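To start, the structure under review is shown below, and the notes come after it.
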């Protein structure tokens, strides 16, 4: 039963969360030295600019998170307020939480240091629950979504810490820690919230109209153009330029491939907007983990071709199969855009890691594969006794994706169970994929006088 | 009576204004040294790049002005051509005028120096009449709007000069000089143009439809993501990074708060798109004046929470009250998005100014609070005889907002009177909030064959 | 006759093209030194950032190509999937091809060097067929469009090489090599594909509706705000800042002029969205070739006023005349947005080139007009025996545009003939300007339960 009371208590809880964040910021967060006034007795006070050199890339990522994800999800014809609105709501909550959570894992002297880097990391973290939201789109209340996000981001931060700092895997564009994690967590939640077998048909509002499909193209296109910033923002040295080039080429190749494969496998050989909106982006995910490696242009293009193909085939054949056979609904098809391409990226990372030599990576080995450099910090020991060798690093890459899948799926199952059985209200079938339950909506066609 | 002649003469006047601008540019404007070729005998010819280091932030602000404001105002279902078109028209006229007006106040040797900084300032100046346009949206002709803008920008430039150069107040993100000025000027014009008491009901076209509300979210979201650029572009030194961080956190907290308060005070606890489109941005305004101060993360978040709350409550209770009781219509609710949050920012600036010490601000005191540094230019005299002390600076901050309100409201009353009683055509009630009077509009639903 | 078989074979050809690209990338393309790891024995390994200093401008251009062009063309009410989708498809194919084609013209040691500059050039090249697509919008199949693009980009690269490297003309913003080439090539193709005289009426779907016109404003506005990046990205030294300033002012003046002239010449003096969407941008094209010259603010504004006027008058009078008398359809009016403004820019470049002196351009003469500097590389000989004099450079500018027109129109005629008479399927009259032939389209108004 739908009672306003359930809404009120949910929103009140979210307000309390915001106030708890305020207190945690007050207790634990301090500006980084780079954001504090230079001391008067400091001679090199003029060198401040360097700390914000990544600001343009941060702004690109901001557009990806808020415009890109928000509008990509407007494709449902009666769910546009929710798509854009919940994206804003969720991301605004999560970025604060991510500053805190990631900060707690890297505290110094009991304080969290706040700098541009913190909010770059926070925006990247916001992508994770937004990916999961894509799987669940239209089938949860906003309260469920926000509560899920808080749990998910905490698990994401822990898993990322394990993968990058303990296992020392490379994952420059975050395909393993962000895309795979977000997709499989979301799918695990969707599995827990799956409908009973007599309610497995598509929701009556679950579809686009002509206008909503064009709104969604705003999201697709901004994600496309700014994806090189997402993948390269954390790359060091010249790896940043490689990350840009590889991502750009992989996206281009995936796009051409997606259009062709879409036409070849679709009804009457017509192009399908679902593929155009989503699979064109699969090249950005599939190149993510390896975007700063020495792929060569052909390597990037090959990854793009594979990703575009796999993604379209996933939408065409796998998603309907999962829906019919497992009752696993995946509204935006995040498995095809984020899940499988991220697995491709993880496998590629193992292959490329196995080919790493000191001679190729030179001064960047330390940044990209720190565990391959000797513990004594000298680079002369590389490939020697103290550091990992290449095939060992390849194994760690595979271990990294396996661990990520376990934590994401396990965490998703537990979170989904909580959303289903705790005192949350669950949407009824005919309440799904429409704004009206939670939004004031004007009449669809205002009367003309 | 609507006669084409009145339109023709209005547009001809605007063309003459454009030609006058051309002449003024020819007589007075010269490239700044940074935009001229380096002399061949100059050794340090290579250091040009530095002058355009703020170019990415300029481009973000361009998006805010033209896309952000333009699309935010598309929420009216029959006024989308006007919202996007007049924004472009008005801003294109005003940026030229602002280069000239602000240039006249800072001439050297009888010439205005043109550089990237000039057009950053011009874009910021364009925000001022666009804010006022929000108050009046749908109730003026384009000719009235453009004429208002020309007067307003001249007054804005004068007020800004007074506030920043004479009173030496801090206003890094322009909440006092831009947001408060634009909002209260626009409201004063709206007061002068208010309907007679028998025509006080809402216009029959004054409302959104589902599609127009989603178009408006394009504006909201781009304003949201790029707001840190608006607030930080004029900050010096490490204050730029603080401005980015504080603005980001304040926006995030205001967004979460706006959603929660919207749901709690709305009909049936449903979210209201007006709040989502506007109040989520109040955090950017409320932190504006103080964005480069040492707020701490908690200070920024607290300001955001207050701003989000005040803004939603303003939309819910104050705006309807002003409309019913004072016949003061405010189409976009700029009082709630720009007016009240700017007052909050001004008050915050007095509080934080009263806490300033030399020990905190070190080398940045000179930039942020120049009047607090001794007249003899040494910093050893700070807090001493020659410079202002902290509580005096706090007083000046309050004096700055008071002066701004007086000039904005006074200027708005005079301008509104001119728009009403001079030979301008005024829109009739049933001509309001629709494009058809001034635009060729296709049939709403083209016939399908 | 429409047979799925014709589609299948077309798409298969495009897939083969993609695979050929993969092979060419593998054989010929290598990372530039700037994108490779710095060698361990290299002392200045830290200076990498410089190579990506143009990255923010690259991202602006990405938005122009994919969002700007894509959405500008959504104004047709039933062709929005095609406008946004084919833009993505075409640009993704062309950027790869442009990296290869432009690379072949500048190979070193048999290899193409891949760097950020390569993909900036590739994005600029993508603009060329997108401009031509504007002329043809709605009257070709996607297969025709893509095949045309491949031929066009090869010719573009050759013509650009001739104009810039052999003739040494200045064309900083590409008005000659990009805009004039793309427009007249597209118009020549349109001439070859023109309808028979009994089918010359407008297509029944060839028009906007209210929503599609607002979608198009997304494209217009992003092109407007980022145009300074397009024009300035290839400028050297302080010329970059001048290019930004001149482009900004020219756009602003063209916008004001377009609105005024639109109102003065339109039916009932109402503003026309076609002019607002397109002619406001003519200032960016008309200033392109000369954007880094010493125009002065007044020069830029004057160019903008002329361009806005010519463009609106072109839409109002010339385009209908060409359609009626020559059966030359130009769906987006690229002749008025790109063609004529580019001719204005070429003429302006001859005028300004004739005024160049060593004393004005100083250290930048070498970059802007390399042929005016003596062959012996010294600048003391300037205007002397070895270099070109100013009036000779002016002549070369006119020769450059003439050559461009010849290659564009000649190439367009041959390409158009191939598209018409080779085994391509041609769209029937009633299949034009609608997505349904090549896209899965949902019912226009889904039934409400």
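First chain written, first letter: the chains are A, B and C, and each begins at residue 1.
Note that a residue touches a chain if its C-beta (ideal position, glycine included) is under 8 Å from a C-beta of that chain, and two chains touch if they have at least 3 such contacts.
The model shown is predicted, which means the values in this text are computed figures rather than measured ones.
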item	value
Numbering shared by both copies at the chain C-chain A contact, with half separating same from different	different
When chain A is superposed on chain B by its C-alpha atoms, the rotation angle in degrees, nearest 5	120
Geometric centre distance via CA averages, chain C-chain A, whole Å	34
Multi-partner residues of chain C (each touching 2 or more other chains)	56, 211, 218, 444
Partner chain B, residues of chain C touching it in the complex	53, 56-57, 60, 77, 204, 207-211, 213-214, 217-218, 220-222, 224-226, 228-229, 237-242, 244-245, 248-249, 251-253, 255-257, 259-260, 263-264, 266-273, 276, 280, 294, 296-298, 301-302, 305, 360-365, 379, 444
Complex contact set, residues of chain B against chain C	4, 7-8, 11-12, 14-15, 18-19, 21-23, 25-26, 29-31, 34-40, 42, 45, 48-49, 51-52, 55-56, 59, 62-63, 65-67, 70-71, 74, 80-81, 84-85, 88-89, 92-93, 95-96, 99, 114-116, 118-119, 142, 211, 215, 218, 438-446, 448-449
